[in-house]
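Okay, here's the structure, questions in a sec.
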Amino acid sequence: MSTARRPSGRSRQWTSDRLLVWTLRGCGVLTGAVVALIAVFLVVESFGALSGVGLLRFFSDPSWHPSAGAAEGTFNLVPMLLGTLLTAAGAVLVATPLGLFSALFCRVYAPTAVARPYRRLIELLAGIPSVVYGFWGLVVLVPLIARFRPPGASLLAGVLILALMILPTIALAADAALSGVPRRYLRGAAALGLGRWATLSGVALPAARSGIATGVILAAGRALGETMAVLMVCGNVVEMPASVFDPVRTLTANIALEMAYAVGDHRSALFVSGLFLLVLVSGLVLAAESIERRKVVG
Amino acid sequence: MKNAHPLVQTEALGLHYGRKPAFLDVSLAVPRGAITAVIGPSGCGKSSFLACINRLSDLLPRCRVEGSVRIGETEVFDPGTDVVALRRRVGMIFQKPNPFPLSIRRNLELPLKEHGMRGRAERDAVIERTLTDVGLWQEVHDRLDASALGLSGGQQQRLCLARALALEPEVVLLDEPCSALDPISSGVVEDLIVSLRGRYTVVVVTHNLAQARRIADRVAFFWVQDGAGRLIEEGEADQVFGDPRDELTAAYVGGARG
Amino acid sequence: MVDHEMWGSTPARGRTDRLVAAVVWLAATVVTAVFLWILADLLRHGAGQISWTFLTAAPASAGRAGGIGPILVSTAWILAVCLAVALPLGLGTAVLLAELTSAEDAFGRLVRRSLDVLAGVPSIVFGLFGNALFCVYLGLGFSILSGGLTLACMVLPILIRSAEEGLRAVPDEYRLGGAALGLSRGKILLHLLLPAAVPGLIVGVVLGFGRAIAETAALIFTSGYVDRMPGSVHDSGRALSIHIYDLGVNIPGGETNAYATALVLVAILLLTNTAASLLGDRLRGRHAES
């Protein structure tokens, strides 16, 4: 190796490293910009309806008939908002105990030979596409419910299918949180002669609380944002449900159903509902994050 | 050996991790071609000191350096200094052997290529010569394309040394090169370090006072005072071990403390 | 990992313990039963339908008859566009976050936070966004390109998270050792860090692929419904998931082919997942030797 080669090598490396760093920064900027772009486009597209119709009328108009435009049409999103909240809340209520028990099953109750395949099964459940859940709900679950209480396509069907879909999120988060419980806590409980459930409810679950809560919140976000499954099983009638057997339409289903032909203020109103969703879900994500952070600090 | 021609010279050198100083105010002249041993209890900043000489400190998180290091005419911490060229002049061996998860040949080839050696035949010659220098050629010449991770710890450390020597550095830094090795490999590596005398300027950190006594021409003794490592005493090995000026040194080399 | 060494020492006794155990077992049984029920339904109604002809033929009679050839092709195109865009972008960002920004770095924190939000954005919102940006604003119309680009935005967080984890798992020795030999950052990255991070990268690609191929809502009004064989990425193309939706909801008598298509989709997901976890294990095993 001759020393004469060094200077040329030096400037080449120097520039290529600079180039690399700037390329990577560019990637970071572009990636970070996606969220901003989404927000910007939703706001810009919503602008027509927000200024023409006004935010208030989305809650106070008598009904949802938006295709006539801002002046003649009506823009009440409340039934859809309610549909979204009810399906999501129901799903979380059903899935949280099931997910939690699933995690306890894997981590505590099942013998290793059963726990391993069960965890794999939960992972597989997480990977099944929502459209497959929706389709199965449509051809199996909805007719089943219809046998007891027609029409079958209902809030209940939506809740059950959504619960199935978000269960893995909760189960896997709870499983991870339980595995993070320091063993000295458990040893301490054992030293006190506590029974299994006493140890779980008194020591392990409280210690895993924040991890489980994060999982539940993220699952709620998924449920709020889910489209295909609820679109296929909820009946999509724009009305306030009187019971769990009544059909509902969620915000997401509403967008999916009407986007194809919506124009003008109608299209813009759909973007407003997208904006609602984005705000709701981002709020949940940030809440989950702050729980995580508090755990790290506290 | 007189310290007439220092190759590496530090001036009021200090290093902080965040607010916490690792070592402070170290002014040390390292003579050309000699073996300088840095001794002292663990945590007194020996590794951090070495990291300043090849500016590996750039990679340490939240780390800040003050003072200066000069190698020959090069001001190490000058913003205009080419770090890549600097690190080529200053080889480094770590406590835990760190061959890359590549073949033995690739381990040597990668830095050679990076530093502009394009010819295959030229590279192969260098590889054979440096592996021979570290006594590894006989052991591995028939499996140069096998993973370096399959070598024993001692062999891995010698490979790392070969990898550094292949770049023909002027200075070789060794951070406790034997402490992760079994006694036999440790002896082999120690003999190798001795064989570097004269051809390279060697700075070796060691915990092993007997080893320092055996191999060092000069010794620098670090100790923690007021929460930061300091250079307590530095001089010819015979003097530091036989007639230490500082009582901390006397206690340490006498085995009374540390 | 199951904690039996730990929990084995905790005695199960008394009526409460037995009751809770019964409830936990019941819950696990219910979940397993429902999963098997779905799987059995898919197999029972779909498996008989699947043949080479089904996989290659064009749909006939609005999908009631015929196969899913063009739909598979469209799906593959959409995924190819998605990964071709998301992979380099995601890898670049992951390297930036893992190697070039510290925990305190404001820019890194901002990017990370926005990725967390992005991961939670509902797919229908991606659909709205993709329609507004790619189809309308950039004038790409309903096309494979629009759909693929929309999905690329969607899978970025998954890709980046896995790739970043993979990079963080690479021991610091390689970085320090490489730098001490005077290797440039680019070389260290290319020759040492990325190869060692391959298991993480593979996991990321598979997860991203899975999320993309399962996606429906984001595609309805970006890549569209057209079930003909696409001629180029500027044509509209119907993805597998959309085909299932359309057959299930809009086409009376489409159930059988919907079942078969769903089975194909689930099989693809299972295969890639299994292959990836096997491959990941092997690669990890190789690295663990050191």
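So that you can tell them apart, the chains are marked A, B and C in the order they are listed, and the count of residues begins at 1 in each.
What we mean here is this: contacts are C-beta pairs under 8 Å (C-beta built on N, C-alpha and C of every residue); 3 or more make two chains touch, one makes a residue touch a chain.
If you're wondering where the values come from, they're calculated on a predicted model, not measured in any experiment.
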{"item": "Chain nearest the overall C-alpha centroid of the shown protein atoms", "value": "C"}
{"item": "Comparison of B-C and A-C (more C-beta pairs in contact)", "value": "A-C"}
{"item": "From subunit C, the most remote chain by mean C-alpha position", "value": "B"}
{"item": "Distance from the mean Cα position of subunit B to that of subunit A, given in whole angstrom", "value": "54"}
{"item": "Computed distance of Cα centres, subunit C from subunit A, in Å", "value": "16"}
{"item": "Rounded Å distance between subunit B and subunit C, as computed from the means of their C-alpha atoms", "value": "47"}
{"item": "Where subunit A touches two or more other chains at once, by residue number", "value": "13"}
{"item": "For subunit B, residues that touch 2 or more chains besides their own", "value": "84-85, 88, 114-115, 167"}
{"item": "Subunit C: positions in contact with at least two other chains", "value": "184"}
{"item": "Contact footprint of subunit C on subunit B as seen in their complex", "value": "54, 56, 58-59, 61-62, 83-88, 91-92, 94, 96, 98, 100-102, 110-111, 114-115, 147, 149-150, 160, 163-164, 167"}
{"item": "Contact set on subunit C toward subunit B in their complex", "value": "102, 173-184, 187, 191-192, 195-196, 287, 289-290"}
{"item": "Residues of subunit A defined as touching subunit C within the complex", "value": "13, 16-17, 20-21, 23-28, 30-32, 34-38, 41-42, 44-45, 97-98, 101-102, 104-112, 115-116, 118, 121-125, 127-136, 138-140, 164, 167, 179, 183, 186-187, 189-190, 194-200, 218, 221, 224-228, 231-232, 252, 255-256, 259-260, 270-271, 274, 277-278, 281-282, 284-286, 289"}
{"item": "Touching residues on subunit C, where the partner in the complex is subunit A", "value": "1-4, 6-7, 9-14, 16-17, 20-21, 23-25, 27-28, 30-32, 34-35, 37-38, 41-42, 88-93, 95-97, 100, 107-108, 110-111, 113-129, 131-133, 137, 153, 156, 160, 184-186, 189, 210, 213-217, 220-221, 241-242, 244-245, 248-249, 255, 258-259, 262, 265-266, 269-270, 273"}
